[in-house]
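Presented sequentially are two complexes of chain A, the first with chain B as partner and the second with chain C.
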Partner chain A sequence: MTHAIETDHLTRTFGAITAVANLSLSVEEGEVFGILGPNGAGKTTVVRLMNGILSPSQGKLWVYGKDPVSDGPEVRSMTGVLTESPSHYERLTARQNLTFYATMSGVAEEKLPNRVWEMLQLFGLEKRADDLVGGFSKGMKQRLALARALVHEPKVLFLDEPTAGLDPGAAKQVDDLIAELSRQEGRTVFLCTHNLHEAQLLCDRVAMLNQGRLLAMGTIQELTSRIWQVMSVDVDLLTPLPSDVLEHLKGLEGIAIESAAPLHLILRVRQRDLIPMVVQEIVHGGGEIVRVSPREYSLEEVYFAIQKGDFT
Partner chain B sequence: MNARILRALAEKDLREVRKNRIAIYGAIVLTVIFSIAFPLIFTQVPLITGTEGAPDLEEVIPLIPLEIQGVIENLEPQQIPVVLFLGYLFAPLFLIIPLMIASIIAAEAFVGEKERKTLEPLLYTPATDLELFVGKVLAALIPAVVFAWANFAVYTFVVNLAGWPVMHRIWFPTAVWWPMILWVAPAIALMGIAVTVLISSKVRTFMEAYQASGALVLIVVALLMGQIFGLIFLSPFVSLLVGAVLFALDALLIKIGVGIFSRDELMTSI
Partner chain C sequence: MNGMLIVAQKEIRQILKSRNVLASAIIFVIVFGGFSSLSTLTSEGGGGPLDQLVFTLVPVLGIFMGYLFSSQAFLREKQGGIVETLLCSPLSLREIWMGKVIGVTVPAYGLTLLAAALILGLANSLSQMTLLPSLPLIAHLFTTVPLFIAATVGLLGFAQLLLGLRENQILNFAIIFALIFLLTMSQALFGSGFTISWVVVGSSLAIAILLLIATSWLTRFLDKERIVITIP
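Moving on to the complex of A and B:
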């Protein structure tokens, strides 16, 4: 499989401060890869390194096989970046801003007006195309920044806090767009965020950073099972469970009873695959199940467990 | 180097600078003072005062370079201040125009981007460091030189028109102006830009950069005073020499500037 992005022991220092330390990761083509961490974790520095606007102090990295240090222009023509703040030329219009960036990014002269217009339409800015950006709302500026990042149809999209400071409606609009870009257009998305809900919604895999160090990487499910060796399962019953069924459950390999109220059981199972067997055993023993709900951990719980150091 | 990128950058910087009040007012004030007010004053005062001004000038004339004394000795008293000041002594003063315009645009292009936080998205474009640098230098150099030349045309028109009652002929430009405008003006504009680029790595705002590069006006003042007090005569040959020295300095400063203008350095200084 083609690695869209690959880093090998990537390190960047600023004087005595290490912003990124020994980071090795790979991002596959077409996936939404989230990089999570508190402020100052090194997320933005990673994006800058991957686009060749900062050079690594040590280590190597490649974007579609190209080294951003030696092949910067080529790498940047394949990438689009949504910076943490939209930072437009506020004394120019939306159309002028996009036209400028499209030209700088190599969009062919004959395609330029149409491409710019398409982007303005896609991001709902066509009615304000010829207004100065200085008068735009924060949400509009953010949409224009996304349009700027996409105007040259990059293979990889870097999004640094794409919904920071947006109201819930605008944030949802941006999240929907990101999901669409990945799922329908197959673009690789590298998402830096500390919005865990957003990451859970959008990311195929996540990496967690703190003080420039990689703490963990994987799908949310992988990380969950690495942190919590057992899974909690809630079972609601219509009538109390016969006592022999309870005893039988206790004796099964990989299952333990955490608590047993007459109409509510909390079981601890070693793996998800054991849940159907538990259900069968209860039903065979005459138990009447109303609801079985395995406890799913949210990314937020995973994140805090990892940041706290619970990850092994 | 990609010409399309250079053009896009230069056009964008110019669009921005057109919205910068300091640049616009600066350009207007320079035109009014240097190309209109000065020629009007020096052509009209002799008409108003008659020959009364002449005795004062006689005290000044021995101080000025012999070459200029040779030119004015056959003139009528009323013509002397017109030719002396407008035809010769003002030539170096006119250099303020390309210098100031170049410095303002360069400050806007190099530091303004940093100040308004628009530099980072620009660095994410495929343009090379050198293309970004050259595009921004051209954005400042070309308009500064064109503006200086346009002002020279206005000055020529006003000097000849307003000076007609005194001079009775089209006498301007004198030979000293051509190398000054065509050769020294671009050199000093480039110096304004090069110095602004060097300053831009140390300052955070447009105003700081512009004010710091304003110190270059001292070069113009030195040339002006040197000529007024007879220390130097900016003959065409001397002007060519001054321009060559400035261009050599420009080359050196720009070489240092190119070294500073790398993405890594810029990102670290944001």
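Moving on to the complex of A and C:
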């Protein structure tokens, strides 16, 4: 099966500096894949390598089975890129900007006006279609940059810090658009970001980089379970739990009591599957449960644990 | 449409919308074209000095226009980072470069012809007789001049894409000094007895073609990696 993106020991150096080191990953079609890492982690270099703008020093990579170095134009006609600091032709209108990129990327002339208009509408820019881009706000420019990356209907969308420098409202608008694009259109999205909230919201899987090295890769749940082998579960009770039930819970395989207040228990369970059994035991012993909430780790907690070196 | 022409069309449109740059170019044309023709025609009469003036001054003015506009098309796009978006398109680097060269040369040549018309018009209004440019000079204006502009724009574009910000600043100073030198010395370099013959025009055309071929050959040393690494 051909992956949308695949890299094999991809390495890129600039003199003595290694920007990307031995990166091996694969991204499936329709997946939203996030590359996370601090500034200088190598995220932008990865995007440039995947579009054939930079060549690898070592290793290989493929986009839909094509090598971006030898099949550059073919790969670039399948990809749309939102660069880290997207700029536009400010003396041209939004429509002229989009038309230029669409023509350049091979959109057929007869489809051109409709496609451009469709993009302007999708990104809420139709009322400003014939205004010069120089007068646009940063959020509007970012939406136009997204429209530009999508105007030729690429199979893969590379987004390098799509919400950097935007105010929370504009950032949310952009995030919502990305979510819509991936969920509704099934497009493969390769998202580089250091905005962990954004990554948690949008990504199916993430890879974490630091100084060009891959630290971890997987879904947030996979990464969580690899860092914290046990899971915390909060149990709120209506009435205090009978003491024999508590003793019984202690004796169960894979379960430990972290704290036991009269109306609030914190349990540590080895795996998620044990939670229904715990509920059953409490209810069976006469306990009255108000709420059971397994503690979900945020991507932020996962990220910092991995950057700290807690990953096994 | 051909990728190269798409880029060329965009460059022309952008230059025509750059009011400040266009205004600078027109002022330059009026000042240098006008004053040079005035000083030449008031010192010596007849069509000979006029031919010499047009032959030497007009290509230099064209090169200046090319310099002015290529800074917009190549350097400014590189400084703003927009060039990376172009590099991410399916177009080849050569198509992008050639499109930009055409897109810059067309308006630069248009303004250069305007400068030639201004010089000729001014000369005729000052002279008691009708001064017509010679046939070799007309051929020079319509063949050699655009080729010289294209070669210069190509070379400048090549250098601006290849070099980093600091090197480009140094290059800009060097070009400005070279242009001032050419503008002030162009006529003196050829001497007063110099006449515009078919041989002279043919030779300058050959030089322009060779320069254009050399510039085009140089673009094989351009690569996307070099451009993207030198984006400030």
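In this section, the second predicted complex is superposed on the first by the 310 of 312 C-alpha atoms of A that agree within 3 Å, B and C clash if a C-alpha of one lies under 4 Å from a C-alpha of the other, contacts with A are read in each partner's own complex, and residues count from 1 in each chain.
One rule holds for everything that comes next: a contact is a pair of C-beta atoms (placed from the backbone, for glycine too) under 8 Å apart; a residue touches a chain by one contact, two chains touch by 3 or more.
If you're wondering where the values come from, they're calculated on a predicted model, not measured in any experiment.
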{"item": "Superposed partners chain B and chain C on chain A - clash or fit", "value": "clash"}
{"item": "Which superposed partner A:141 touches (first chain B, second chain C, both, neither)", "value": "neither"}
{"item": "Touching partner for A:53 - first (chain B), second (chain C), both, neither", "value": "both"}
{"item": "Which superposed partner A:104 touches (first chain B, second chain C, both, neither)", "value": "both"}
{"item": "Chain A positions touched by chain B in one structure and by chain C in the second", "value": "14, 48, 51-55, 73-74, 76-77, 79, 81, 83, 85, 87-89, 91-92, 96, 100-101, 103-106, 109, 148"}
{"item": "Complex contact set, residues of chain A against chain C", "value": "14, 48, 51-55, 73-74, 76-77, 79, 81, 83, 85-89, 91-92, 96, 100-101, 103-106, 109, 148"}
{"item": "Chain A-touching residues of chain C, taken from the complex the two chains share", "value": "1, 3, 6-7, 10, 13-14, 17-18, 80-82, 84-92, 224-225, 228-229"}
{"item": "Footprint of chain B on chain A - complex, ascending", "value": "14, 48, 51-55, 72-74, 76-77, 79, 81, 83, 85, 87-92, 96, 100-101, 103-106, 109, 145, 148"}
{"item": "Sites on chain B touched by chain A in the complex", "value": "4-5, 8-9, 12, 15-16, 19, 116-118, 120-128, 263-264, 267-268"}
